[in-house]
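What follows is a single structure, written as structure tokens, with notes after it.
Order of writing sets the chain letters: A, B and C. Residues in each chain are counted from 1.
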Amino acid sequence: MLIVDDIHAGYGSSEVLQGTSLEVQQGKVVALIGANGAGKTTTMRAISGMLTPTHGRVLLNGKPVQGYATSRIARLGLAHSPEGRKVFGPLSVEDNLLLGAFNHLPMFFGFRSMAATELEKVYELFPRLRERREQSAGTLSGGEQQMLAIGRALMAKPKVILLDEPSMGLAPVIVQEVFRIIRRLKEAGTTLLLVEQFAKSALEVADYAYVMEHGRIAVAGTPAELHKDERVLAAYLG
Amino acid sequence: MLKRLLFIRGAELLALAILATIPLTVDNSYALGLLTLLAIYGILLIGLDVTVGYLGQINLAHAAFLGLGAYAAGLSVSLLGFGMLAALAVSMIIGLILGGLLAFPALRLEGPQFALATLSFSALSVIVLNEWESLTQGAQGLSIDRPHFLGMSLDAQGFYWLCLLMLILVWIAMRNLLSSQWGRAFEALRDSPIATDAMGVGTYRHKVAGFAFGSSLGGLAGGLYAFNFQYLQPQGFTYDLMVILLLGVVLGGRKSLWGAFFGATLIVLLPNLLSNWMLFEIISALGFAAALAAAIVGWKKNSKVTFQAAAPVIAMGILVVGGFMVENTESWRKAIFALMLFAVVVGLPDGIMGFAARYLTRLFNIDPPALPKASALDAVLPLQFPNEKPLLILKNLKRYFGGVKAVDDLSMSVLSGQIHGLIGPNGSGKSTAVNVISGLYAPTSGDILLQGKSLPQGSLFKVARTGVARTFQNLQLFAELSALENVMLALKGVYRTPLPLVLLGFARAEEKRAQANALALLELVGLQDQARVHAKDLTYGSQRFLEIARALARKPKLLILDEPAAGLAHPDVNHLVQIINRVNQRGMTIILIEHHMDVVSSLCHRVTVLDGGHKIAEGTAEEIKRDPLVIKAYLGIADDSPASAATA
Amino acid sequence: MVVSGALMGLVYALIAYGFQLTFATSKSINFGQGELVMLSAFFSLSLLDWGVPYWLMVPGGLLFGVALGLVVERACVRLSLEQKNEGWILLSIIFGLLGFSVAENIWGRDDRPFPTPISTEPMQFFGVRITPLEISVAIGVLAVMGLIELFKRKTLLGKAFEAVSADRDAAELMGISATHTIMLSYGLSGMVAAMAGILISPITTVGPTMASALILKAFAVAVVAGLDSGFGVVLVGIFLGALESLTSFYLGSGWREAPGLILLILALAVRPNGVFGKASIRKV
């Protein structure tokens, strides 16, 4: 569903990604782990077009999308829940969710009724969001904002979801909650690329995983294979 | 060295010789008038370039300073009977004071708001000049007699030489300013205002001083302008003139004395060129051809027609075609300016001089002057003698962003002489905590004490001045400065020469000392061989080390390192550990945010662990590793027990 | 007199509102907005001269304003936003200069009257003399602003507009094109400018110099109220309009523009984000 082929990208003169390649198959959850500064978030940004790769290809559903505007890649079926969540602070929770479905809805009127079923699904997954639907997103707690960011990505009915550090800045209980939700998404057959600092938890939900070091994929394999790798074990699962 | 003298100073001297001797060889009062105007506009544009070029702000008040300076000089002659020099001094001082007064509020703003503030100021000035009739004669205009200069009465030729002399003085003063700490500060505050403040070099005060200085040059040019034309009207200093001045600076090339000079030449000659239809057509055809050639070259290179390449072609094309359609180019003067300026701003953003400089430096490849020997490290980074007492104390520190509690009730103390690790999962509040300590954010509540005294809150600059230095997780180097200059900028206690003496060129010895001191710090982090390399061209690892050297230049009491090892390869991490150890052995207290547990264990005397903005553990690295709460936080999930208190 | 000043102030508020629209999406404003007002007014006048009926002229003039707004976006703003520099300030000033010169040469330098079907006979309201024309200005301003606000709050496109101003990157991730949204904001801003031109011209006459007089006041209103403050501009506009007519009455008409400018500089000194504006957070 998503293929990243030898991409190079960076900020200004420093090249962060130096030939990253990975693949996410339909219906699979793939984890991307590695130390801070290894280039995980940069990989995500290069896939969704927030950063234009200087070299290499990104294939979404078989079509090359590298160099496209972010919004165009999003319209082709990629939903990226970015690092730091980036909810629309001044807008209400429900407006945030509706905007998630921007591509499927009519521009002017009647969009609310069109989105009703999707909205209902998201509210079922995150009951707290239903309680706070009128509240502006900026006043939510960190955990609630993360739920909103995931919910907003789901509203797009995407082919692939990129989740960047969904556990960031959350208390342990909430982190558990987030992973429970990821597991439920997996059961529902969602195609997911997950960047996570909690390598152990990420490997528990993932079908396949890549380990990044200095802008390249260092090791790849199923979680079981990675658990046998001494080096990975020492560096990330210790 | 000789080559340098020959090409740079040689060009200046040659231009000067030509300008000074023209009146002796050519006896033409019209040409003399143009030359005088050229010298005046040269001063004016050098002043404007300080804000538009070096400070990077669109300044729309410079025409007003020309006018205010002109009226000040004129009135001090006609009302107070001043001589020429005294009158020129008055016009400079008026520019300086009014410039300062405008800069104080206006330069707290960025971009459009600043442009708006200066625009209002200039509109207000014209209103005052128009309406204060008892003083300025209003719209009727003010006639002035040219006063004596040191007892001599100057004829047109003499006055021209005076203007030229002023231009030379201004040129030299600017050169001295730019090759001092001031020049570096101007460059730095455009690259990274945050780092400029964090290095204790006040962004704001440098901007205000720079603006006031530029305005005083505007005032000086105004004084000369008044004595040149001997008749002033408020309408002469409106928005229209301002646009033409901007045209000059941008067309000539920003951030360049020569650019300002070329710009002045163009402004002076342009009205003459436009009045002749044939000449106008030739110029616009040349411009069109140049733009087209550039567009074709660009198109061949990346096979895409960009707006940047196409727009100048279109603009110049309109000029060529339009020239045939209208009878009188004079009445379309503004439209012609607009189209030319448009083509230049879009197609040649660095101006003519910026464009030429790229080729000239390649052609001559001039070596920079040699560096002095490095100072002794003890002089640059004195040994400190820790006393085991707390250096930094945080009391119930809180920082909220909307509903997100990034740091929640954090209390901790850092003992002097120790390396204190601050660790925790991503987003646990480590970076926010150091951002609050270093003054980037004001705390929502709580106290920060350094050696028992409250730190200023919410001001990077003030905190930096009390002895806290930091590095940044996302590098904040001054990309356009060399490694050496990055460190020189931050040096504490070296630059003592006051601005007027800097302008007169008395800061050279101090510069040498600064270079020597900065070299010592570069040696400490192993970058002495890359001293002249631009920060943006250093490898990623070297950039990280340079940030540490730069922070050390502050001679801090407390050094904060925000994830210095992020993204480093293994050999670099080892080098980093060595550097930190060496610095700590000199008695430096360090707060280290780090993710690599091995780095933390090998360096830190004490470690504080944050999670969700709270402190969850504190102790030695070994104690921390065994703490069940820490293990749970780091692994994210322990058991799948029901979420008992699922509120964040 | 104070009341008609205040009503004039509503027009400044309308132009300032146009600044807010583009500032919200792109953090940029058109320094040639005054010329947009003037050019649209001249174009509408020409429509009337060609025999177009008044009520058809209004949408025609507004469309012309939209077109000019889009040109400004394409020619002056987009490139410098892509390069993340502030070249748009200079480019939009240049565009204004071009517009001024074009108007001067096509329509002449003199002020011309702008006909209107609405009566200018003063009426008495609670002891205040006011003309139906002035009332129509107030209604027009509030109607346009109200309609745009309604659009922003009630339609999905309007919400997308708000999303872009809240967080451009995140909006792009939702499939909302920031470029198109910025174009939309410039189009709307051009329409608002044209509306201001059509409303104010019957009172002030049309001429090339109306641009610079209007824009300074609109800047003052926008900055004093805050470039992101929504309806704050209405209050500040009314206040400034009233203040102006008092100044010109007591100090002479030459000083008419001074209070706005002084207010602007003072506001920047005391509250850089405007009286109704919000402070922003620096990011590393």
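Rule of thumb we're sticking to: contacts are C-beta pairs under 8 Å (C-beta built on N, C-alpha and C of every residue); 3 or more make two chains touch, one makes a residue touch a chain.
All of these numbers come straight from a predicted model, not from anything done at the bench.
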Look at all chain centres (mean of CA atoms) and spot the one farthest from the centre of chain B. A
Pair joined by more contacting C-beta pairs (A-B or A-C): A-B
Can you compute the centre-to-centre distance for chain B and chain C, using the mean CA position of each chain? Integer Å is fine. 33
In whole angstrom, the CA-centroid distance of chain A from chain C equals 41
Indicate the residues of chain A shared as contacts by at least two other chains. 89
Looking at the complex, which residues from chain B come into contact with chain A? 402-406, 425-429, 479, 536-537, 540, 543, 563, 565-569, 595-597, 611-613, 632-638, 640, 643-648
Give every residue of chain A touching chain C within the complex, in rising order. 48-50, 69-72, 74-75, 79-80, 82, 86-91, 95, 98-100, 102-103, 105-109, 111, 152, 156
Could you list, by residue number, the parts of chain C that touch chain A in their complex? 155-157, 159-160, 162-163, 166-167, 169-179
Note which residues of chain C are touching chain B in the complex, please. 23, 27-29, 31, 74-75, 78-79, 86-87, 89-91, 93-95, 97-98, 100-102, 104-105, 212, 216, 219-220, 223, 227, 252, 254-255, 257-258, 260-262, 264-266, 268-269, 272, 281-282, 284
Residues of chain A defined as touching chain B within the complex: 12-14, 16, 35-39, 84, 89, 138-145, 165, 167-177, 179, 197-198, 200-201, 204, 214, 238
